[in-house]
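Structure provided below as structure tokens; questions to follow.
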Amino acid sequence: MSDLITPILMPKWGLSMREGTLAAWHVEEGTEISPGDEIMDVETDKIANVVEAADGGLLRRRVGQAGEVYPVRALLGVLAPAEVSDAEVDAYVDAFEMPQVEEDEDSGPAHDYADLPIGRIRYTTREGEGVPILLIHGFGGDLDNWLFNIDALAEKAPVHALDLPGHGQSVKAVDNPGLGTMVDAVVQLMDHLNIEKAHLVGHSMGGLVSGQVAIDHPGRVASLTLICSAGLGEEINSGYIDGFVGAASRKELKPVLKDLFADQSLVSRAMVDDLLKYKRLDGVQGFLEALRGNLFVAGRQAAGIVAGLAGFSGPVQVIWGAGDAVIPQAHANAIPGASVTVIEGAGHMVQMEGSSRVNDLIRDQI
Amino acid sequence: MSNPFPLEKDGLLEAYRRMKTIREFEERLHVDFGRGDIPGFVHLYAGEEAAGVGIMMHLQDHDRIASTHRGHGHCIAKGVDVKGMMAEIYGKATGSCAGKGGSMHIADLSKGMMGANGILGAGAPLVCGAALAAQKLGHDGVGITFFGDGASNQGTVLESMNLAAIWNLPAIFVVENNGYAESTSVDYAVASDSYVDRATGFGMPGITVDGTDFFAVYEAAGEVVKRAREGGGPTLLECKMIRFFGHFEGDAQTYRAPGENEDNRKNRDCLKIFRAKVTEAGVLTDAELNAIDAEVMTLIEDAVREAKAAPLPTPADLTTDVYVSY
Amino acid sequence: MTKVGIIANPVSARDIRRIVSHAGNLPINDRANIVLRMLTGLMATGVEEVVIMPENGGIRTQLMRTIDRESRMGHLRFPRVSYLDMPVTCTSDDSAEAARQMHDQGVGAIVVLGGDGTNRVVVSRCGNTPIAGVSTGTNNAFPELREPTITGLAVGLAVTGQVPCDHAYSYNKRLEVRVNDQREIALVDVAVVSERFIGARAIWKTANFRDLFVTFGRPDGIGMSSIIGLLAPLDRQTPEGRRARLLPLETAKTRLVAPIAPGLIEEVGIGGVEKVLPDTVYLPSVSAGSFALDGERELTFSETCDVSIRLQTDAFRTVNVPDCMAYAARHGLLTRAASEALRTAHQTGRTT
Amino acid sequence: MARTLSMKDAINEALDQEMTRDPTVIMMGEDIVGGAGAAGEDDAWGGVLGVSKGLYHKHPKQMIDTPLSESAYVGAAIGAATCGLRPVAELMFIDFMGVCLDQIYNQAAKFRYMFGGKAETPVVIRAMCGAGFRAAAQHSQMLTPIFTHIPGLKVVCPSNAYDTKGLLIQAIRDNDPVIFLEHKNLYASECDVPEEPYAIPFGEANIAREGSNVTIVTYGLMVPNSLAAAETLKKEGIDVEVIDLRTLSPIDMDTVIESVENTGRLVCVDEANPRCSIASDVSASVAQEAFKALKAPIAMVTAPHAPVPFSPALEDLYIPSPDRIAAAVRKTMGA
């Protein structure tokens, strides 16, 4: 009988997460849950987010207490059909040994480094079958922007996420930071990983880069998913861009990041500190200023992919956060023939705030 | 008649001009200080001109010197703007240090003048640093620190001599021995051995020259600077000299023997000795020297007038220049 | 009451030859120690009073500190020590003034701690007072290398008359140079150089050497006189001098490698060597330049000057230390009956 | 890539990277290489605790062992700084400042002002500070208030490896004289440190822990001690905010005031002695700037007004412990 019982575990968001706080339950014992339902809030020192049910079923027991800290993969709840007796559920709960908080759980090399012609590029991989997905972050971001997506997508296909040049822990000394160097880096990484064709998923500037790759190398792109993408119109919140590039201290950076999220509280101290640590690396300030100079002119987007994509035969979908305060949501309809989805209650970082919906959309496309 | 001296004619004129400028600068300060025009206190270099100029004539801007609290002479000899110095002594905003340094801290790094110094012997390690920088940056600059016979007892000077010797630095230690450490006669203060012996003890050669004879200082300093530039390492140069005025202005100098000042002025005035030698040898004429005298007097007069008329620093200046960025 | 003068000028052995060559530097403490050893020799031979040149270079301070200490502990006894009453200029002029005053006070002899330069200055002012040199200077051709204690003994025996004059003293040659009405002497050599300014006094730029006159020149000597010493040696006694015409290397027929200063061995262009007769006027081979007396430029001259160089024999006396000691040995001057020796030793020792 | 690094290795890496980047950066100190002139191997020591171990072979021209004469070589470093070099002089123990203080506070600190803004003195003086090493009174002092008092000097005292590397690189690039103090007991502490060079600007405090009830302002070894106290207090329902000043001059009073206005309670923790300490300085500023926000008297937790004792039993009492800090926090909560 016990194989009918399905556990609800503390999720693992990103490599460095060791434990999380179960902030609050959204469902009562005895309710029927279907996959994707919001069942609880979990907070880590880096980010807080709502957890959506991975599996459906009748919630028989809420094991985790609100406000308590649990290690990753700890048992928080039990789903089981009505015919499973409470005694069996209790036995299952008792038998479940709580995993220790591992110090550095090494599930294979967390990150890899590829020495490409453009320089050293950091990337991470989730193995899988079929045509791979390549996740491309936006301006000032890094591969950790896909914290809530990469594992979910890995169920459907191999997934790669990279730090673009000048970002994350990739090479900083780049000759002429601009769209071209970004496109080259993506293609060079695909060659390095001998990926013939990939589904490109690009967020913000990453969307512009993905589109340009599809225009320059149509044969290498199986499909396009443009999330709050740049390159679909000229308008942009240049205040955010200038604020982000110009911020030199925590006090200056924190207010700027509020533009990224519908729910302002998601801008945690750790997020601000991580971005400051990145911005203070040698060469980053110069790189960002040069990149901004290349991508934006007089406060408007200089590069566009709409015209170019007319010749792209593969499927294209556009996803936008309704509350996007960086790139106007109107740009979502810029590509004729593309399927467009607008997700309510999410801002510019929609892949984080509406992660499960975005994951579904990407899974459906491939 | 051909020129028997180790400097060309314009070199001799330049040497005389610098010495005369120092003398008149200090004489004027003595008078103005007496009238109460000058804030704070000053230490005057009059009488020691031949030593300062005799050495500085061998130096360029990339050679660095560190001076003492009696630094006006070193500054002028090294080419610091005289008007800027006078304005500084009057505490004016146009002073060489914007009125913030005063007589004991006049400096001009562009001229290689690392600053006068109110702390005895403090210039010695600084100059070792300048010499080390010259070595590391690969130019033939030398570092020269001036200190008085009294300051030669400062630990920092003795430590610096050792440092310069073991690192073979192009550093030159100039003892301006005017026989008095403030009011203490030198043979009381110096533990019965001489500066030259101390230098030898640290493994560097030491020589003594008559500081009132420009040519003796010039020739000796020339060899010492040449040796340092060519990697010969540090040297001590003791200049036996006399100062016309007290340790500081207002010092009654009761520690001197009766008539000592008058005798010094008459017989050991380095300007008179210089003038006699160059005119007797027929290389320069009194007319040429007198012309320089006149130009110097005008320069000093202008410097004082402009200094008096110059603006005082503004209240905002109080807290600027503390840091490059803060 | 026999009195001896001591001149030890701290300014000696301080000149530029430390830089342009490798001349040594005798520390002040050692010089004070030499005077101390000298005093013990003088005391032991009956000299009861010594007068010393004052200076503030540190020798006096160190000496008096040591004498006071030794006297308090009763180890050694010294003659009465006093200092001349004269202004101190910290230059070689002090040596000249001291020599003059000591001559006026009628001292028996003057002991000179210094090199050729200091001895030259003393001889030029001390009249016929005999001198005894202890080499502590830069160039030490004139003063002999000897243990100061022995020099003290010899001088004591000489001035107290225990050794008769013909054994105690020997006569020395001297060179006299005149420029117009200025007159200067040299004990060892007169060099003529083309530079025409005094400056740092020493001479080391051989290209500027033009002429050389010497009173004597030893093959094992140091300084300019070594040029004659290596070409045509001449002793201190022979009543004649030597002259060498010196030329820039390019024009010289022969070249001589000579130790012209401690640690400085250079090639010198030689034009020719010839004998110099006493009391005969010689003229320099160039019309303008400077005279370097015993290695230090002193007088400059030009075309319009009336210039002459003359050798003088038996010009001044020095204490002949070896003969004094030999005589003392022959005549048992230092042997004492057992009791008498102790008594005299305690009785006379006092310091001022 | 970021990897865990000890503070000691972070210092080594910062010095290595800066000497590679800029040939005018030179290190001077006693035995920073070690074995100079001796028969044994070069780079025998690499500093008394091995902080600069291994650097000599990579930068032979930029590392100079000095005689034991601080006044001379610290003064030389300052002189060289005005002549085109960027020296990093190591004073080994801050307790030795006495023998070269004139060169620091009368020369380096005053050149720019005295010379009317025309001088720059880009020198760094590194020194070990702090107690807990059983090194007794002359090798365990903090003395941070003395340098903080001097206009013209900048004073840095980091509490972790990440901050240490960033602040040391900033200190070397800074054009003013910087006193860079490394706490001996933190040399072994580890945390994530990026391999790439980075500089942390001076005058920005770090909020080591966010909290709403009480603000602790501290620096150096007292940061981990305060964090430990915060953990204990959390169980008692007291939510403590810990502010790590990082630089004492310039000092980030804005962050302190902002936090106190939020929590209303302030505890200043300082390993220096109490009189005229950093704790008293911060307390005075807060009392003056944010008096109305205070719900309780400001508490100060410092070493006692006594030299550092040798005996371990006493030294452990000397150093402000997490318990003493927690007690002070409870006091401000009215316990």
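In this document, chain identifiers A, B, C and D correspond to the written order of the chains, with residue numbering beginning at 1 in each.
Methods note: a contact is a pair of C-beta atoms (placed from the backbone, for glycine too) under 8 Å apart; a residue touches a chain by one contact, two chains touch by 3 or more.
Worth saying up front: this structure is predicted, and the values here are computed from it rather than measured.
More C-beta pairs touch across one of B-C and A-D than the other; that pair is B-C.
Among the chains in view, D has its Cα centre nearest the centre of the complete protein Cα set. Among the other chains, C has the CA centre that is most remote from the centre of chain A. The distance from the centre of chain B to the centre of chain C, with each centre set as the mean of the Cα atoms, comes to 36 Å. The mean-CA centres of chain A and chain B are about 71 angstrom from one another, to the nearest whole unit. Here the spacing of chain C and chain D, counted between their Cα centres, is 65 Å. Averaging Cα coordinates per chain places chain A and chain D 39 Å apart.
In terms of which chains touch, the assembly is arranged as an unbranched chain of neighbours.
By the definition given earlier, chain contacts exist for A-D, B-C, B-D. By the touch rule above, chain A contacts chain D in their complex via residues 111, 113, 122, 169, 172, 248-251, 269, 273, 277, 280-283.
For chain B in complex with chain C, the touching residues are 1-2, 4-6, 179, 185-187, 190, 192-194, 196-197, 200-201, 205-210, 213, 215-216, 218-220, 223-224, 227, 235, 238, 240, 257, 277, 281.
Taken together, the chain D residues at the contact with chain B in this complex read 24, 26, 61, 64, 66-67, 69, 71-85, 87, 102-103, 106-107, 110-120, 151-152, 154, 174-176, 203, 250.
On chain B, the positions that touch chain D within their shared complex are 64, 66, 95-101, 105, 107-110, 114-115, 117-119, 122, 124-130, 132-134, 136-137, 141, 143, 155-156, 159-160, 162-163, 166-167, 320-326.
Of all residues in chain C, those touching chain B in their complex are 10-11, 14-16, 18-20, 25, 27-29, 32, 56-62, 65, 87, 90-91, 195-201, 288, 300, 302-303.
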